[in-house]
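Step one of this worksheet: look at the structure below.
Read from first to last, the chains carry the letters A, B, C and D; within each, the first residue is number 1.
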Amino acid sequence: MTEFVTLREAVAGLIHDGDCVAMEGFTHLIPSAAGHEVIRQGRKDLYLVRMTPDLIYDQLIGSGCVSRLRFSWGGNPGVGSLHRLRDAVERGWPGPLALEEHSHADMANAYVAGAANLPFSVLRGYQGSDLPRHNTNIRFIRCPFTDEELAVSPAIRPDVTVIHAQKADRRGNVLLWGILGVQKEAAMAAKRVIVTVEEIVDSLDAPPNACILPRVVVNAVCLQPGGAFPSYAHGYYARDNRYYIAWDDIARDRETFKALMQKHVHNTADFNEFRRVLAESAGAAA
Amino acid sequence: MSYTTNEIMTVAAARRLPDGSVCFVGIGLPSTAANLARLTHAPDVTLIYESGPIGARPDVLPLSIGDGELAETADTVVPTPEIFRYWLQGGRVDVGFLGTAQIDRFANLNTTVIGPYDKPKVRLPGAGGAPEIASNAREVLIIVKQTARSFVAKLDFVTSAGHLDGGDVRARLKLPGKGPVAVITDLCIMEPDPVTRELTVVSLHEGITREQVTAATGWPVRFADSLGTTPAPTDHELQVLRALQQRTALAHGTAGGGGGD
Amino acid sequence: MTEFVTLREAVAGLIHDGDCVAMEGFTHLIPSAAGHEVIRQGRKDLYLVRMTPDLIYDQLIGSGCVSRLRFSWGGNPGVGSLHRLRDAVERGWPGPLALEEHSHADMANAYVAGAANLPFSVLRGYQGSDLPRHNTNIRFIRCPFTDEELAVSPAIRPDVTVIHAQKADRRGNVLLWGILGVQKEAAMAAKRVIVTVEEIVDSLDAPPNACILPRVVVNAVCLQPGGAFPSYAHGYYARDNRYYIAWDDIARDRETFKALMQKHVHNTADFNEFRRVLAESAGAAA
Amino acid sequence: MSYTTNEIMTVAAARRLPDGSVCFVGIGLPSTAANLARLTHAPDVTLIYESGPIGARPDVLPLSIGDGELAETADTVVPTPEIFRYWLQGGRVDVGFLGTAQIDRFANLNTTVIGPYDKPKVRLPGAGGAPEIASNAREVLIIVKQTARSFVAKLDFVTSAGHLDGGDVRARLKLPGKGPVAVITDLCIMEPDPVTRELTVVSLHEGITREQVTAATGWPVRFADSLGTTPAPTDHELQVLRALQQRTALAHGTAGGGGGD
């Protein structure tokens, strides 16, 4: 059953060194606050999974928390490269990063297979692509009825999935809406689930057939308004496009990156303080 | 009205999108062209974004593949697995609209690495949805700026299949879709030869020479016997495109486009 | 794109003798009016698919429209047997009926596989059950990664799926809510889709992430208020439990059944007239 | 308060459902017992119905597995495939609560046919969700009225696996769940022997004799050495059960239950 705890407590209790961790959110509802907290607590040797590693994974990789990454598109959406990811892959800084690279279709299917407790997923994919040559976890089988060849890959079963959502009720049921990405599947596929939320309410007042994670699949709910910044929370705040653009310059240089992580993450107690420090910097710059 | 090479590229790409079709849209140039089509000759096109929106009608161009604007203007927003499973793999996508970092003469695409995979010179973002868009959409349109660095004789990595080694190899491999039917650049329009499937320049944009195209192509590029000139953008097309980009700039502080797939 | 036609036109144009037809609706939103119209038009040799064949399939089977049935639970929900189904299986009346019998889990998975254009579905199922001995379409494969044994069965790809929904808009988008069953998957899996609706509206005014079938997957929308009777349409009318109970007596006897189908289906022009005739009978009986 | 054998069966079954557990509920007797548990000692049980409701709290018993009352009172309603894929197969169901037409000494269940499959004497409704509930739920409770016709020496058809041929066969076949842990009837409670897994009577309902149970069982039924007496329903349990059934009768014109899986 759901516990209502701080993000610090949730990360301390539920995410361990070496865990397979999926932090999902497809451009929308990215669990940025949780990413910061994992860095703040100095987790090591994580096996991260995410369809679209973006700023938070760039930060985790650059901070030396990650040894392995399963993904399908790693970029700064709308801007360009992830320089910390590139630095790790191209030059092994701050350490080597093993890549398990798939396509979006495969990753989405593999989360579905994980949620369904199947060991593998099946798709019509990768025909003619070089990806299977570099990822031995992409294999091919034949349909036992039609003899067609189909691609398979291992289901994603994270130790922990972390998502950000709009609301939880006091019983621990979680509601999200808008762009849903693979959050529900990632949560259902995981052994443990942490959800940061914009607000905790008496009643979700959800419309019929809304996307709800029932409390029995949620281990921890952490109240963290603004926790998806600089991505957005539909109905609460918009995407901060300037932050994504600014990240390009910050992440390009190792020292700039390190200084910023020190100031914004290590020297702050939590995401609320990070937001205050960030606002002060912006005020000073203006 | 005068226009830029970027503008004719976008307009020429938009024109290839049939009204009433279901189009799987990549972010950036494809999204700009697809929305221009929707706002001009193809009001009944159904635009699908991999983040989940179906039938999106954004008033401003999305900066990311999952902007709230897409969700708010769509007929419905489904989970990402449904987009890939029920729509793309389900055979319900008529046109896949892709960009790329590199392309070869058979319209194979590389968005993975420059250099060797295990020791890349440049690590690109990766596959995203492209491999299965390229194989499963009924047909594929590619929009990309043409330079000798992007139009290469040999790809460092085939991320997504075009016509592979050419000829009927797609049919032999039983790929569901027809593959790339046109590559629209800022210089010209190329189409695969009906037999060899090698990309052939069928139309030059006004003012562009064969020599410019040859210089911007990393292989000895072929020109069609009946080489045409791309019809210039109409005033209406330019007005709609510029208004769209102006609304986008006002909303985002940028003209939209950029990376992201 | 969607056509707005009468149910008579939709059935005439889109359902042919010999077709594989799925009429879905899990207790809720059962497309009863469409079932009547198929009988009225005298379709033959249909290969029917449905997780829970109930009254409408009992009627279709008893009327001689069906040669083959893929299903997982055939009963009168809340009452007992389907006597027309039993008569066909136990005594071959009005003709032989070939059964392809699965479990619910398998059928649900097979619809999902069909919607995803995969040739087969995979599940953890049937261990120790006799069903695979009597259905050669239930087979077993091994996971290429873990070597676990898993059950597979052919995807369901109906020629036509028929469902009933609450609303369509004038562009052809369809909204349903409440108990959703497998309707969306059955529709996405089909070559052609017929939807009967309670009402056609200017705007669906659907909540975020509602269950909507976009118009590009819907071939025909037919306005048929009450078209799910005697099942229910959430927000419109309740289930008529008495009709389900009454059906037990009607279906038990071949002649009673035939007389009723003659009066209620063959002698009526459409479902609206059937409802009028039914109401008159009830009035006379009272 | 005095009570009927049906009442003690329902109460005894309800008591086996732990508070806080996730329970996959079949329609009819299992639904009555599961809701009685929810309304008495297990307010935090999560009831799942295969039609899609999760966390249903119906005020009256559903007549069908997909009654609107289930949707209206649930925490959420998901499509049926999600129930079977993400919940049952996903390993998230603690207790599967089943009825049956026939049962054998190892708690295997037949809901398919009486007589040969291809030429049945009686065609029963079929498997429904039972085979995968029986294999995937962490444990299974069975509630069924006991007669020599339903408790048979040999099933005509094994629809859903109990303990198969007994012993550790479930473990050897790698079935995910423990299988049936109790069979609750209108006469007694049976549990599988820890080693042989043969059903053994562990408790007789008040006023029921060994002879009655033996007569209602199609095999030489075993009794536990420490045979107990089922604790009588409390006044509170009976009041809650009767009020539930009265509300149901008022709403539906029937006491709920019946077939449907």
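Here are a few things to note about the model shown:
Criterion: a residue touches a chain if its C-beta (ideal position, glycine included) is under 8 Å from a C-beta of that chain, and two chains touch if they have at least 3 such contacts.
Note that the structure is predicted; figures quoted are calculated from it, not measured.
Chain pair with the larger contact count among C-D and A-D is C-D, by C-beta pairs in contact. Distance between chain centres (mean CA atoms), subunit A to subunit D: 41 Å. Subunit A and subunit B have Cα centroids lying 28 Å from one another. Subunit C has residues 112, 117-118, 123-124, 148, 178, 180, 185, 208-211, 234 in contact with two or more other chains. For subunit B, residues that reach two or more other chains under the stated contact definition are 71, 77-78, 85, 89. Each chain pair that touches appears in this list: A-B, A-C, A-D, B-C, C-D. Residues 26-28, 51-52, 71-82, 85-86, 89-90, 101-105, 108-109, 111-112, 123-131, 134, 148-149, 178-182, 184-185, 211, 232, 234, 238-239, 241-242, 244-245 of subunit A touch subunit B in their complex.
Against subunit B, the residues of subunit C that register as touching in their complex are 1, 112, 115-118, 173, 185, 188, 206, 208-210, 212, 214-217.
Against subunit A, in their complex, subunit B makes its touches with residues 27, 50-53, 63-68, 70-71, 77-81, 83-85, 88-89, 108, 112, 117-118, 120-123, 125-132, 135-136, 157-161, 164, 169-170, 173-176, 252-254, 258-261.
For subunit A in complex with subunit C, the residues that touch the partner chain are 117-120, 122-124, 137, 139, 141, 143-146, 148, 150, 152, 154, 177-178, 180, 207-211, 234. Within the complex, the subunit D residues that touch subunit A are 20, 22, 44, 46, 54-55, 71, 75-78, 85-86, 89-92.
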